[in-house]
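When the chains are written out, they are named A, B, C, D and E in that same order, and each has its own residue count from 1.
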């Protein structure tokens, strides 16, 4: 039990980090889980009629795609190679502070406008199978005219559905520009939060059933652990409200007004998700209260049993003890009917106590 | 008890959902309880003098009514038929994102303006008979010039009173346009919240009476369950404040200024309802505290009884035990008055203890 | 005890109501306690020099007073007669929604401007003698040019002092218009809140003294009940802040600028009252905590007594039991000094235990 | 203990009062502690070169000082003489509502601008020696061109340091006008709050040390009482933030722009003081939690001792009881080694229990 | 344990202080820990090509550096020498209130603009080795055209990395002005907060592991102490948000617009740090709840053991006592098989109780 609990929640996930303290601002320093997998570059280039998809070997290979008037989506899986990040910076002319933030996977979601691109950090949340814990991954987006660069921590399939739609030319995506692609990516990420909520909902439901059946220490640590998970997830999603509302309010040149109605839709979703997380947090708090009350109730019940036994038998034992004394002069001992009489008194006493406890509703 | 509790609150009600993740934005996908009942279309068409009411077979049949200058109220019971939703979209030229939201019955209340119609989502709340639990249903409204389309999850009678007023030409409703009809619908929904509050108030009152009579585990789970119901209802009503205040503040062309005073009235009601829900939540929290304190009190009382019995009889039993020993040389055993003397000491001791506990206010 | 508690707080006071659901907006429907007393109409008509006071039979009788340039204060005691309310509406040309709100005595305090009158709802709070519980009554004010109509739920004496001042021409009231009369009425109501606070303060003080002397279940329900009363009173007073600040900020034609300094004074009072109520709520919460801690402390003390008795006498009883055994071969039984020796060991053991408990600070 | 607690916190300090309800607005009615001391009038009149200081007999004597172009500081100790307050009103032409507020020493801190003076209410806080409790006194300031009138509840020495500086012409005070004098007074009052904080800090520290050494009921009431004191002090200081920020923001003619930097300094101090009070409140709450946990811990420890004793000796006593029975046929009684054998079993059983409890970490 | 706790948190750290009450505003009075170390003056003077670094004997020696067009960074370690502070005031023409604030090391972080310099107070936070407690040190910055004066409480190495970068001309620092140097200093301080967070995170993790293994009083005081540390650290960092956002928003002449993007970066960091601290606070609260629940659980377990032992053996002891009585007429005593029969009954009773407790899930 102890180990499963300790594995279940890892505080270090919550701690934001920075590169080496006192480093030069703009120093690209990977901060995050240690990763070894090679970085993958994948490009999708499309307009209404044409479509190209391929894996690239170097970032420089993406330049011709970027220059072309078609929409280019360069997806980079892995930000732990600091040299590659620098290369992106040079090729796409990205501000050093942006590069630093891309490499720091503990960064807070945000949106920043630069002269000819927009920089967005959002968080992808999903549940691991084994152990069953929430994982948060950073997704950085660079949106320029006709191109979107997305940088994930590792390969994943949250965006696969979107890619499929581009390949099959489903919906309006092939007809619209890089701003709609940006929307599509954020929408896919936010949509995935709903399945995270469902997973948590099921967990809470399971814990509630257990709680009513038996309140034990293991359940307590599970509720506690779930509460910490919710804190963790909320911290990742909460600032996204701000990101979307900033995108909505600001008059960025790169974002077409037609996209605003879609952003409003995402915003609605995030508000609803955040409210649901808050509700879940309240529910886990209520569960802890319920747990404590249940334990108190049980203790009370145990106490009553103890008291009933003690209160009935301790006096009786005393009376038995009296007639076990060896005084030479104890007239009762010699009476003929003393013994049955003793039993009658004893039984009356016991019944009296039982009636008393019944009246007190202890039984 | 366990089962009634588990039936009493269903967490899945709280979880917002989305269609299949990564689907194309604007995909109409029914999200909600599984329903089989066929969709019903009902039309009311009226002006000050004329009045038509009938059930329609297809949505297309409503077009002539919509075109006419009379006010048309098309009520659709059931949004689980995705084809029908698409049909509405085509006939009334509704934005695909709106259609998606109509079909998603877990959506948050909101109001959105489109070029020639207004889209409103609100929630109808009522209590089921068996089991006695809160049900929240989504009501979507599309308000255009001279027409209102209302979409409910299933047939219900919350709006029946309003229809009756239109039929009988009671009040000013027949003289005014679609904006007043919109107000009438929202007003009927909000009015119904008051009866929900009354029902909850009665439940709380019942629980309070029980709490004072006996604090048991079943009561605890009932209070807990009621608390969750309140969280659920508040989440449905709370955003309606925003909806009404947006309607009030914005300068929508479709809403006549004369309606503003009526909207202000609804707004007042919602504020009062939300405040009452908050008060109810505080009261259930207080009840939980009171419950815990009551359990503590009872435990304390049990402890005292136990302690009094133990503290009086354990020493006496010891004294009896002393004279039950079989040492050959125990001079007291041979004294003539040893036995009555022993009783005197014993009784004094017991009385002494009783006085001591009286002084400590344990009795 | 149970009954006094149940009488002490009545949840139905907290539930806002509406008339019959789905009634026509603007339907006058009395909502509140059932009342039988006939409605009383009382008129005060004055200017700097003239003064008339009389009881009226019908509302129509007030019309000539209203027309005259003198200030007219029509006070109506009782709003449970729906016909009378309608009459007022017709004679004074009041909006139907206003009439509806007047008859609904569970309405929230508010201020609304209409074309030629101002509509204000405020709450009068006082403590009943028997049972000692807070009563909140609604006072509706209609302020027009040269007239004020006040509608109370029943006759009361909170405004009597103000009437006396008008009769005796004390202060500046006879020199000023209907706006100053409005101020005078609100001021009298708010002033009365202070005596409500004093009453609650005394109750809290009384409970604190009791709490330290003895923490029992009855006290607990009293604190709980007081907490609910505070919730109830706060709900009535809190929105008055808004009412006054709206009156202050808005540029109503009916309110002279000279009155603003007086309204600011009321505003200050309400802020202070609300803060005091908040403080009282914190104090009752602290008292509940203190109560729980006191119960814990007492339980701990009880436990210690029990443990000391048990821990001292149970081993001794065992030793006595040993020498009560009937084995044929028990050499100690035949020793000459066995019995006194046994006592010495026993007493040493008991003293040892006592020292041990002293060290543990249990005694 | 009970008495010291009851003396330690006096709820009536928290209750704002008003004069006789329904009195004429602007009626001067002293509200506060009963005081008998005669009112003292003290005047300081100065400019860069001249300086006059004397005690006055009547308020009228101060008029020539006020008329002169020098800065005049009239300090009035005692506001319980309603006639004197009226006199001030007449001589200095003060609004009746201001006079009412001066006499009501339970008023909330505030600032109000009148045509040719500024009215400020602030609170002086200090700790009484015996009993050791916080005292809050009201200080009213009337700031006009070239004069400041300060009204305290009774003589005190918080402002003595400021007077000394004026006498000795220390700092820039003699060179500047009545606005700087106002700043000087407020600064002296706010500076004194720091020593109040230090005193409370020491109290908290003392309670923490006691808490770790022994958690008893007396300590509990002390923490509770301290918590109430903090509520009381915060209520007095909190609104001063608003007072200073109103002074800073508003463009009062009477306040020179050069003073703004000094007001900003006071504002910083008040923010810091309020934050510290909040921190203290959190700390006392934590202490109560710690207290409860400590009591729980102790109870647990007591329980363990009880259980160990009971669980070891109750079975042993039973076994001893078995061989104390008087059945005629009990073969064991006649065995030669029965008695030593009995002891061996008994001791084994006891050791077994001890090992069991050691494993459970109860010992 | 007691001592380590008392050393672990020192409330006096939390109390803001002022100089002697009622002192002249602008009086320089050192407030803080007593320090004896001599004050050190260190100067760095640089532009893109030149670089000078030396320790100074007097503040006056820094004047030629300040006059030169190169960027001058004067670092002063120690503010406990009031004369030196005055000297700085005279040489650099600093407002007396600023000097007062520099000497008061308990001041709240803030930024103030003066005519030709900017005054910033921020806090450096680090963890002491022995005892392991948070230390907060004040860093005051005076930023003028081409110069920055930094004043620390004592020598430290948080800024050493920055100095190294200037020496080695790493990054863009040598090319930019005093505003970028200001940014560099604040950035170094804020960067160091991350390592503080990591340290706290490790502490929380350690406490969690201990909590699950054994819940004892020492652990409780450690959690409590950590909670207080978090309150302390939050108070130091929280107002820095305001400082940076004021720097960002205001249009100070001294700050070049190019620096704004860097300030935004710091702002993001602070927001993230504050959020993390809030999360940590929630976690310690959860830990306290978990602690209490664990203690309750353990108590419950102890109770059960006690009750099982008592409930089984007390009745049995009674039965044994019955047959230890010495009545002359007790027929059972003479039965042949009475004794084995007695054992059978006894064992059945015991087994019955065990089954009963198994069913109740107490075993």
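Assorted remarks:
Assume contacts are C-beta pairs under 8 Å (C-beta built on N, C-alpha and C of every residue); 3 or more make two chains touch, one makes a residue touch a chain.
For clarity, every value in this text was computed on a predicted model and none was experimentally measured.
Annotation of chain D and chain E: not jointly contacted by any chain, touch as defined at the top. Fitting chain A to chain C on C-alpha positions gives a rotation angle of 145 degrees, to the nearest 5. Chain geometry summary: the mean Cα position of chain A and that of chain E are 26 Å apart.
A straight line joining the Cα centres of chain A and chain D is 42 Å long. Chain B has residues 292, 296, 299, 303, 306, 310, 314, 317, 321, 324-326, 330 in contact with two or more other chains. Beginning the circuit at chain A and passing next to chain E, one meets the chains round the ring in the sequence A, E, D, C, B.
Only residues 158-162, 164-165, 170-171, 173, 183-184, 187-188, 191-192, 194-195, 197-198, 201, 204-205, 208-209, 212-213, 261-262, 264-265, 268-269, 271-273, 275-276, 279-280, 282-283, 286, 289-290, 292-294, 296-297, 299-300, 303-304, 306-307, 310-311, 314-315, 317-318, 321-322, 324-331, 361-362 of chain A touch chain B when the two sit together in their complex. Per the touch definition, chain B reaches chain A in the complex via residues 2, 5-6, 11-12, 14-18, 21-26, 95, 97, 107-108, 110, 112, 214, 216-217, 220-221, 224, 227-228, 231, 235, 288, 291-292, 295-296, 298-299, 302-303, 305-306, 309-310, 313-314, 316-317, 320-321, 323-326, 330, 332-339, 342.
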